[in-house]
Amino acid sequence: MTTLLLTGYEPFGEYETNPTSRLVEALDGTKTGEATVVGRELPVVFDDALPALRGYLEEHEPVAVLSTGLMPGRAVLTVERVGINVRDYDGVPDNTGAEPVDQPVDLEGPDAYFATLPVRELVEELQAVGVPARISNTAGTHLCNNILYATRHHIETNGLSIRSGFVHTPFSHEQVARRGTDDPSMQFETMRTGIETMLRYLATTHE
Amino acid sequence: MTTLLLTGYEPFGEYETNPTSRLVEALDGTKTGEATVVGRELPVVFDDALPALRGYLEEHEPVAVLSTGLMPGRAVLTVERVGINVRDYDGVPDNTGAEPVDQPVDLEGPDAYFATLPVRELVEELQAVGVPARISNTAGTHLCNNILYATRHHIETNGLSIRSGFVHTPFSHEQVARRGTDDPSMQFETMRTGIETMLRYLATTHE
Amino acid sequence: MTTLLLTGYEPFGEYETNPTSRLVEALDGTKTGEATVVGRELPVVFDDALPALRGYLEEHEPVAVLSTGLMPGRAVLTVERVGINVRDYDGVPDNTGAEPVDQPVDLEGPDAYFATLPVRELVEELQAVGVPARISNTAGTHLCNNILYATRHHIETNGLSIRSGFVHTPFSHEQVARRGTDDPSMQFETMRTGIETMLRYLATTHE
Amino acid sequence: MTTLLLTGYEPFGEYETNPTSRLVEALDGTKTGEATVVGRELPVVFDDALPALRGYLEEHEPVAVLSTGLMPGRAVLTVERVGINVRDYDGVPDNTGAEPVDQPVDLEGPDAYFATLPVRELVEELQAVGVPARISNTAGTHLCNNILYATRHHIETNGLSIRSGFVHTPFSHEQVARRGTDDPSMQFETMRTGIETMLRYLATTHE
């Protein structure tokens, strides 16, 4: 059986909800082609996110990992090209209060890893089904970048054959309505369609 | 029978579609409470929009007019507070090529008119149903401002008892996906929910 | 003797300084052509700003009033086209803690007044001397809009022959450097050049 | 004699001027502490920029390289943290018309290199002298990223002991005034002060 691991994050900072937490809950256990989706929420804790993810890799042996996270201010789904070896809290402490500045994700690791998902093809698939999307060249320096880099580093240093990458989402429409701001946002079902579209592409292009 | 007039605009400038054209088509003929919605598309032509709208007022005798238009760059539904006595093409000619600069909408009219729709209540209604929304203090100086001002001026100078106002929409998700940009956008069904919510509020608060 | 009144605002909200306070101090008493500049700081208090300005009008009998204020987020000098009859604190209380919502500036006043300064010519003058500038169609609903509207209303209802208008400035470079943000900003001397350019234009076009 | 190499770029795309071209011309031959600045303009040509820079390294044997480039839309000086192994024209062809998509800068190179300039210290130095500045985590995928990555790769693969990095500038005030837009910008003299401040810091912290 082919498994795809989908991760999201718990709420953090001033945000009471996180659409990526709902996404993994909604898609956990669903099928796409011959693959089964395992959806899991990760903690917004620099030191705990990778250990949690490693546990899911061992338990489920997925052929690909698609991690997702909320980036306030983004207006479209952004497929990240690269994760860098930096932990910087940039004004938003993690959920244990950690505030790293210019720390490495891994002391021995290289400066950066490219995602091994086909980022351009994924963006084209998304746009083809009417989901706004773009390639992004920075995942920031927070938890999202952290898991993108750390997952790739783990896969690389353990000689695993798993494709992995990261997608940032905007706020959901409901979040912005509740906050009463005019931040960019995306309808939750459209995000879900987007994630399903990417998972299907990953399932069908799996060697 | 109580009638609500809903207007949208045809496509303009570099944009091949206009979500407000689809909105009026989708809602034309629907019922909200005891009111019937008349949905009509207006031309993006400075000199033709008001005459078209005047015709619909005479034909359908609505108790309220809700006009809508696309504002590229807006991220939420923005309920406009005021229309000003200015026509300025601001770099985007109308669909006949007209390029007015600092012209008045009406030579005799006052500097501006407030919308007579309850703008704050409408924003609160929208947010309550999960539709991102805000009050806006500028409808620009293009067709949208033009119809907001001209409708109010027509109502005022003819002693009519019709509430009127204007709502700007973002791009739809599909538009941004097709354009391949990272502009803010809103799902079309969410816009539709928003417009229906406002029409229902106008129907129920009609004296 | 011909006098031009230049007003700025004291600091407000979270901002420790206000470049428009420095501007009026720097330009008070200077000459431009045959005119003398009277530079005065106004309080960021909805109920006190107009009375203060009225006092300066009576004392100095200027032929024109150029009011200025800081608008965080603006990237260029924006010459305001219109002031509207609204006081809304929009999340930032004034310096006495007042938080008006959808209140009028003047109970009897019209919905809005256009500035009587030549806004397009001023923008062209600014751009010609290398100062970034644009026409703006909204001065917001805070103190800046308040003084723009109230000054025009006072002039109009008292039959005075004084041109008046408003210009918003970005943050100064120093402010953004001190705040450590990446907000747009303008060098203080460039703002000063801009204000002097506008005052000179007003002095030379005075009938 | 200690030499610091400062590079800028020629104009590109729709932009008739490039403030970084003026910066290198203005600072070429100046002294900072005991170091001499060599200022050189690079071509906006993917295949020619590194060869040109390599020539300057051989000729002048600098202890550090500070490269600069214009990034339309940036509002402050942004000190880049990382260059990635990607050439993507992203809609703006280089000055020979080249339009690479997802190409590597170097076929054999690693995914990315961190700048070896002290990015956080440089930002703090800039802010301390009133120059708006921030760390950036993406230099894009155009010429600027290209030279940041390629310079580091050249230094690394040749065992040289030269610190290198990249700083993006906003438009100059004059550029935005001439273009008539409301893009963020920075006064040219402030940029110059910023570059001088960074060069001085590099000169004094040189081992």
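A few points about this structure:
A, B, C and D label the chains in the order they appear, each numbered from 1.
In this text, contacts are C-beta pairs under 8 Å (C-beta built on N, C-alpha and C of every residue); 3 or more make two chains touch, one makes a residue touch a chain.
From a predicted model like this one, the values you see are computed outputs, not experimental measurements.
Under the contact definition, chain A and chain D share no contacting chain. Using the average of C-alpha coordinates as each chain's centre, C ends up farthest from chain A. At the interface between chain B and chain C, two copies of one sequence, more than half of the residue numbers in use appear on both sides, so the contact is built from largely the same positions. We define each chain's centre as the mean of its Cα atoms; on that basis chain A and chain B are separated by 38 Å. Computed centre separation for the pair chain B/chain C is 31 angstrom, with centres defined by C-alpha atoms. Distance from the chain B centre to the chain D centre is 46 Å, each centre being the mean of its Cα atoms. Looking at chain B, no residue sits in touch with two or more other chains. Shown are all chain pairs that touch, namely A-B, A-D, B-C, C-D. Considering their complex, residues 74-76, 78, 126-134, 173-174, 176-178, 180-187, 189-190 of chain B touch chain A.
Residue ranges of chain D in contact with chain A, taken from their complex: 81-82, 84-86, 101-102, 110-114, 120, 137-138, 140-141.
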